[in-house]
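Starting off with a structure, shown below.
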Amino acid sequence: MKKIAFIVFFAFLLFASIEMREFGKPPSSVKEVFPNANYDVTMDDRIIGKYNASAEKWEYGAVEETGANNVVTSVVFDYRGYDTLGEATVLFTAIAGVMLLFGRERK
Amino acid sequence: MNGDEEKMTVIVQTIAALLFPITLIFSFYVIMHGHLTPGGGFQGGAIGASAIVLLIVAYGVRNIEKRMKEENLSIFESLGGLIFVVVSIFGIFLATAFLANFLVGKAIFGQIPAWGEAPLNSGGVLPILNIAVGMKVIGGLSAVVMLLALITKEGER
Amino acid sequence: MIYNLPFITVVLLIAIGMYAIIFKRNLIKIAIGITIVESGVNLFLITLGYREGGVAPIFTNLPPNISPEQIPEKMVLPVPQALTLTSIVIGVAVLALILAFVINIYKNYGTLDANKIRRLKE
């Protein structure tokens, strides 16, 4: 029974990976996926931003909004800060669990 | 049980004592430059925790536990979480919302870099949050490794 | 088919991890399987965010052939990388908790076999 379930699971995963979109080519505009959308720039391109070389300033993007050169850091701590706060809570809870299991009984 | 038998050889102890400050300084570098270069609080914290784990492996966990109590490491970790939450709550009063970046655009920390520039005093509250998360990860991972090593030694006795 | 090779690698990783979780009875091996599934999920997120010929989304020390006009097209997507960063740290925390429970189980039952520790200890 376990073997049948595992084979069905593996076949489903393999089918999904073959039917996946092409590797290395994410959709470059929203209208490829949703033709009725009234905006064109995808979320990641909006976050990376656009630099106006002639005026020497940023039009939009993470560097203009958060001031950090590392876009991944600005996503982690600014755009998705609640996610990081929850992750810090998970870390704290796991360490509190380890201390609850092992910390007391050494005394 | 004076802990001498769980030390490794003199060669390993000397190399660990030499490598410990270098690893710690590299960890601080990765944390402080988290908004400019690859890395950040989590990665730098993992490097710093690995420095403490190096000491634990080389000198034996009981000798390290006498100098560096795991309660103190836990307090260090909680302090990091507290800094994170307090800086986030400042965003409510000084700007619009929780976790708002209230320092961006200001003169001291909020400089917006142009193309090709990388000033250290940019990023607003992001370096402070990086330091907070780095403290959290250093304290947490070293406390967990120290507790697991201690409980394994207890089982042998 | 060959351009989907990273996705097939992800599927193989997840399948190996699920095999260890389902068919093995040693608790340490189950923990290793959970970690392998986690690696597969992380690799899947990174693979989703890859853009052909892209560099890391960091504006410090860019390669000299990247000009401001081609910026969004020559960088990989930043949001999946941030999700992966969170996922790695949660994986480390969960693995520490799993190992703590395994050590506790071994101290109480004297075995790591998942079939023998099902009964309640009297």
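Going in written order, the chains are labelled A, B and C, and every chain counts its residues from 1.
The rule we apply is simple: a residue touches a chain if its C-beta (ideal position, glycine included) is under 8 Å from a C-beta of that chain, and two chains touch if they have at least 3 such contacts.
The structure displayed is predicted, hence computed values, not measured ones.
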| query | Line, ring, star, complete or other: which describes how these chains touch one another? | reply | complete
| A-C versus B-C: which has more C-beta pairs touching? | A-C
| request: Averaged over CA atoms, how far is the centre of subunit B from the centre of subunit C? Could you give it in whole Å? | output: 23
| message | Using mean CA coordinates as chain centres, what's the gap between subunit A and subunit C in Å? | response | 14
| query | What parts of subunit C, by residue number, touch at least two of the other chains? | reply | 56, 58-60, 68, 85, 89, 93, 96, 100, 103
| note | Contacts with two or more other chains occur in subunit B at residues 36-38, 40, 113, 115, 118, 137, 140, 144, 147-148, 151
| field | Where subunit A touches two or more other chains at once, by residue number | value | 51, 53, 63, 69-70, 72, 76, 84, 91, 94-95, 98, 102
| message | Taking the touch rule as given, give the residues of subunit A at its contact with subunit C in the complex, in rising order. | response | 2, 5-6, 9-10, 13-14, 16-18, 20, 22-26, 28, 43-45, 47-53, 62-63, 69-72, 75-76, 80, 83-84, 87, 90-91, 93-95, 97-98, 101-102
| field | Touch list for subunit B against partner subunit A, complex | value | 34-38, 40, 70, 74, 77-78, 81, 84-85, 88, 99, 101, 104-105, 110-115, 118, 122-126, 129-130, 133, 136-137, 140, 143-144, 147-148, 150-151, 154
| said: Show me the residue ranges of subunit B that touch subunit C in the complex, using the header's touch definition. | reply: 36-38, 40, 42, 113, 115-116, 118, 137, 140-141, 144, 147-148, 151-152, 155
| Residues of subunit C that touch subunit B when the two form their complex | 56, 58-62, 68, 85, 88-89, 92-93, 96, 99-100, 103, 107
| remark: subunit B partner, complex, touching residues on subunit A are 51, 53, 56-58, 63-70, 72-74, 76-78, 81-82, 84-85, 88, 91-92, 94-95, 98-99, 102-103, 106
